[in-house]
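Mind looking over this structure? Questions follow.
So that you can tell them apart, the chains are marked A, B, C and D in the order they are listed, and the count of residues begins at 1 in each.
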Amino acid sequence: MDKKIKVSIVGGSGYTGIELLRLLSLHPNVEILHITSRNDTGRFVCDIYPSLRGVLSHKFVNPDDIDLKDSNLVFFATPNGVAMKYAKNLIDNGIKVIDLAADFRIKNIKEWEKWYEMPHECPDIIEKAIYGLPEVNRNQIKNAQLVANPGCYPTAIQLALVPLLKEGLIDPLSIIADAKSGISGAGKKTQDGLLLSEASENFKAYSLSGHRHQPEIEENLSQNSKNGKVRVLFVPHLLPMVRGIHATIYANCIKDFDPSKIFNNFYDKEPFVDIMKANSCPETKSVRASNVCRISFYKVPNTQQLVILSVIDNLVKGAAGQALQNMNIMMGWQETLGLELIPLTP
Amino acid sequence: MDKKIKVSIVGGSGYTGIELLRLLSLHPNVEILHITSRNDTGRFVCDIYPSLRGVLSHKFVNPDDIDLKDSNLVFFATPNGVAMKYAKNLIDNGIKVIDLAADFRIKNIKEWEKWYEMPHECPDIIEKAIYGLPEVNRNQIKNAQLVANPGCYPTAIQLALVPLLKEGLIDPLSIIADAKSGISGAGKKTQDGLLLSEASENFKAYSLSGHRHQPEIEENLSQNSKNGKVRVLFVPHLLPMVRGIHATIYANCIKDFDPSKIFNNFYDKEPFVDIMKANSCPETKSVRASNVCRISFYKVPNTQQLVILSVIDNLVKGAAGQALQNMNIMMGWQETLGLELIPLTP
Amino acid sequence: MDKKIKVSIVGGSGYTGIELLRLLSLHPNVEILHITSRNDTGRFVCDIYPSLRGVLSHKFVNPDDIDLKDSNLVFFATPNGVAMKYAKNLIDNGIKVIDLAADFRIKNIKEWEKWYEMPHECPDIIEKAIYGLPEVNRNQIKNAQLVANPGCYPTAIQLALVPLLKEGLIDPLSIIADAKSGISGAGKKTQDGLLLSEASENFKAYSLSGHRHQPEIEENLSQNSKNGKVRVLFVPHLLPMVRGIHATIYANCIKDFDPSKIFNNFYDKEPFVDIMKANSCPETKSVRASNVCRISFYKVPNTQQLVILSVIDNLVKGAAGQALQNMNIMMGWQETLGLELIPLTP
Amino acid sequence: MDKKIKVSIVGGSGYTGIELLRLLSLHPNVEILHITSRNDTGRFVCDIYPSLRGVLSHKFVNPDDIDLKDSNLVFFATPNGVAMKYAKNLIDNGIKVIDLAADFRIKNIKEWEKWYEMPHECPDIIEKAIYGLPEVNRNQIKNAQLVANPGCYPTAIQLALVPLLKEGLIDPLSIIADAKSGISGAGKKTQDGLLLSEASENFKAYSLSGHRHQPEIEENLSQNSKNGKVRVLFVPHLLPMVRGIHATIYANCIKDFDPSKIFNNFYDKEPFVDIMKANSCPETKSVRASNVCRISFYKVPNTQQLVILSVIDNLVKGAAGQALQNMNIMMGWQETLGLELIPLTP
């Protein structure tokens, strides 16, 4: 039996934080040390999230009042711009770091600074950060000390495209990603548009002229593209529901091929990617509360067009679950440990 | 044809405000003069509520920048404590006032100050205020200059009980009102609990040990009770939906009577109260977006217990619609003017 | 004042039927004669739809038991394949007919029979049928005796594309329509997937390899295309909500142009089409319960790509509201009569 | 390590069935043998419930085609009236049986036959059946061969009342249970009222004049009442959401006591009952997808009235989870085995 490691969660009071706590509480090899929240310092975690009554007895602590270096691994479930203030010191002290925000997802610092509208505070360690998409970067993650956990949209979209781009089967400039996300993807923010009164029975696009996940998608896809730089027209939409991302992706084929064969070969041994039959339609509910990504596709007759459908739970495979998967890989544990989750239906 | 009057809405940016605007825009005898909002001053109303694009071209104005006395009638759709600052000046100048908040709903000032946790700023005109429940106080409303529009819960609950209490048919100390409200009843507040992520797929009671609508219900019911002071155990709950109140009311009968006869007699000529058959179950969706209250009831066999079910749309009969009904009565117009709304199904 | 006409609704018990009844009940020039339903014959309409209590006192009748020729105009809100059995006899007798189903939407009979999987029973009158998209075919509708009311998806998609195709501004073979519909678009069918337990908190594509609205869209768009035959890759999705269609449309521009100018010119005088600012995002809730279509667009920088967003209420502009609009035009009435509806928010 | 037992599920295609499969798939001591469904015979379970893709490879079988006696334990997740046809033969052969339907919940056969409107087919074994509410009947369940798994409403209501009735603290004739259930409680039935279009944004009472869970509640509570026969005025309501029961219970105290002490004493060692602080409000979402019941209460000042609030997930503690809990007890395993579920938030 593996010895337990001590993990801390910085920024534990948001939706990604609470989901991390749900999953870590059930992980056999982990002891939760600190859970920080500046706003909720001193309050019991389970007073804010009664679902954790009887599960966790921690209080939220102020990150300034504790020493994160007591931990073996630190998760950052903070807003963008926080992890970059702590990461260097932690990894210099041998602590492993997984950032669930965007601070280390993009190697191009200028691009990052343009989209995130702040100077990057530790550009020197960006190169050390591994982009934590296990199905693509597993070997690098194994030895990583700093993992940039991918965004939710990028996870759903990249898993649908990497097998095709790697083989040079689709035109890398032809890609359209029409993506729809449950509202928890926007985080626990008190904005009018996220209120049930406004968001329920409603559907709309947003960030039409540019979303921060676009450069992340393009940079990382380009690294896996046989035919050069990838451009994605990415249009996100807000669904009147809590959990789930559905990406409907359109691309032009530049070769003749059987998508079924390509996808099944690529994901053959993957525990968390499920390739469905051609022309079938994956449902977000079929992956809710689990770490699974389900993918299907449709070759449009008499054209070069290919439609790929990809669904994940944005809080699990799109955030906390993938973070655990990365932790398992970094620690040399079985990759599915603590992630044997069955989607919740109905 | 009636001449149009000028009306202004103070506090037009909340849910009660927007619903007032929806209804007033269709009212044939009304011209909307000012719509105030301190937070949104200078912005087009339809930029915040795109549903009003092409309907209203007003901008929100700061109430300090305009003279409300240009209006013939002023609606206050403000937080509690605002109308009481303006009302005296307005009614002294012959302007009619309808307050959709709670400033004038309770005659007992001490009780009011206890529940609303502030000193009342114009106690001298409270006596002049008429409680605007038309089915009970129509004659007084006709001549009122200041109408206190009832709360949403109190409307649903009182309409279910007044006919019984007036005749002394139920024990006034036996009443339990288990009430459930759509989330728009909480207003447009950015509280965590009102976010779709938290409020959808969720149900709970709240304000268990005391809700401000309780003294309003008890005081006004007591005035219509043949057998003295009424006490109500009132337990409100939050529904995972936008519009609708359902009150399930329990009371002990102290006489033998046919509830069907009592209710049908009392509401015989009422355009906005629909008495259903015994043992049927009114649905909130059957009154959504309309000014109707539907009531049903069930006499429990072999006991003295009576169950009464009452449904309204909290934003219409529970707020803006009832305000228009009161305006129609105050102006001597047909009571249903601008309120010929058919509930939205599905 | 116009004289009232007598209208009947065949198939009044579905969601399109009930919405027709809601709107017709408020129309000043209409008297509702018969409302048919084979399944619900003999039952009061308002027993099935309690929202109509106090509004309509009709019982559902069996269409075989009445003479539809007593009516001046007959609406068919029936499944596909019903109107074609009745239409010829009615129009031969001078009765106007509006079919809200698909029987007369496609001129190409072979195509129709392929998609609707039945022989067409009155191919000879298809040519007489006018496709009832008023913003495109208003003049023909004026003199029509038989109007094919467009499908919901086709309405949202065509209004977004006709101005561009008419001017030859986009490549007619490049169009992708990623469309999302509220679940009422599927009708009142008792299928597992439409149950709240399965459809809420869920999102998926459907009919991936072919949806009946596709030939309707392509045929009618092609008739309005300067550059020949239009092909649309149409992918419908199911939203976890009741009302609303959102079409996200992608096309390649073949000329340089200002979409704002094109759209505003085309829809300048249209009472039911609202062109929003470039890069803004129309919400389905902003048109809920109204006959409005709101359109916005985004020209992707450094590419030829244009994104167009179009929202309607599928039961109103996508069905019953458009049917009333067509009736108003056919009768020579003001086009907005009975359709001065303000969207319901929140 | 315990040896695995073979279990079969009769009626595996409903919501209780799928939830059983979700939980049993994760149970370390169980091997799933047969999953029956007459309607879906021959189809893969995961074709109907894609959430189980990769988890279960079973096909649904016809119960007539298999021998249930191959199993060590059989769960019946069937409609009422099915288990009673099989139970005798199974228990005569030493197979343990847990019926999640109502066939053995009521000892009074006449009462059962009145409410379930059919003759009982094996009245002789009703006496052997143990009512499977572990917190009340744990010792009897240990040795039971046939367990009647309680209904969802009865579970939530009884857990809130048994500690008080056992001590004779409340008037057994004063109880009102105003209960609200998520729609999955109605099962996977294709009824109009369960469609998302009708049930969302809607709330109503139902079965006003009598619900089958009432005799179950009264009979079983009476067996735990110090002061004789219990009568409950039970009014169920339908919530516009999938999972969750909230019971708001009203009772008159006949002694002075501290509810906190009573509840905490009674449930001190219970792993699945969480007693909250006085006046707090348990949320259904805080127990969603878990086997927990959370209870709170409010003593109304200056009266004898006590309000008790009780929430469960109707499919877990109200059905499949409690069935596993009963299995664990019957098998002598740790009671929480396979039930270490953390509620899903948000």
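Please note the rule applied: a contact is a pair of C-beta atoms (placed from the backbone, for glycine too) under 8 Å apart; a residue touches a chain by one contact, two chains touch by 3 or more.
Nothing here was measured: the structure is a model prediction, and the numbers come from that model.
Contact with both chain B and chain D is made by A, C. With every chain reduced to the mean of its CA atoms, the largest distance from chain D is reached by C. Annotation: 37 Å between the Cα-based centres of chain A and chain D.
Rounded to whole angstrom units, the spacing between the C-alpha centres of chain C and chain D is 46.
Residue positions 15, 184, 188, 197, 200-201, 240-243, 282-283, 285, 288, 346 of chain B each touch two or more of the other chains.
Taken in their complex, chain C has these residues touching chain A: 176, 178, 180, 182, 197-198, 200-206, 208-209, 231, 233, 235, 237, 239-244, 246, 248, 250, 279-285, 288, 296, 298, 300, 303, 305, 307, 309, 311, 346. Residue ranges of chain B in contact with chain C, taken from their complex: 15, 18, 22, 25-26, 49-55, 184, 188, 200-201, 242-243, 274, 276, 282-283, 285-290, 292, 294, 340, 342-346.
Contact residues on chain A toward chain B in their complex (touch as defined above): 15, 183-184, 188, 190-192, 194-197, 199-201, 240-242.
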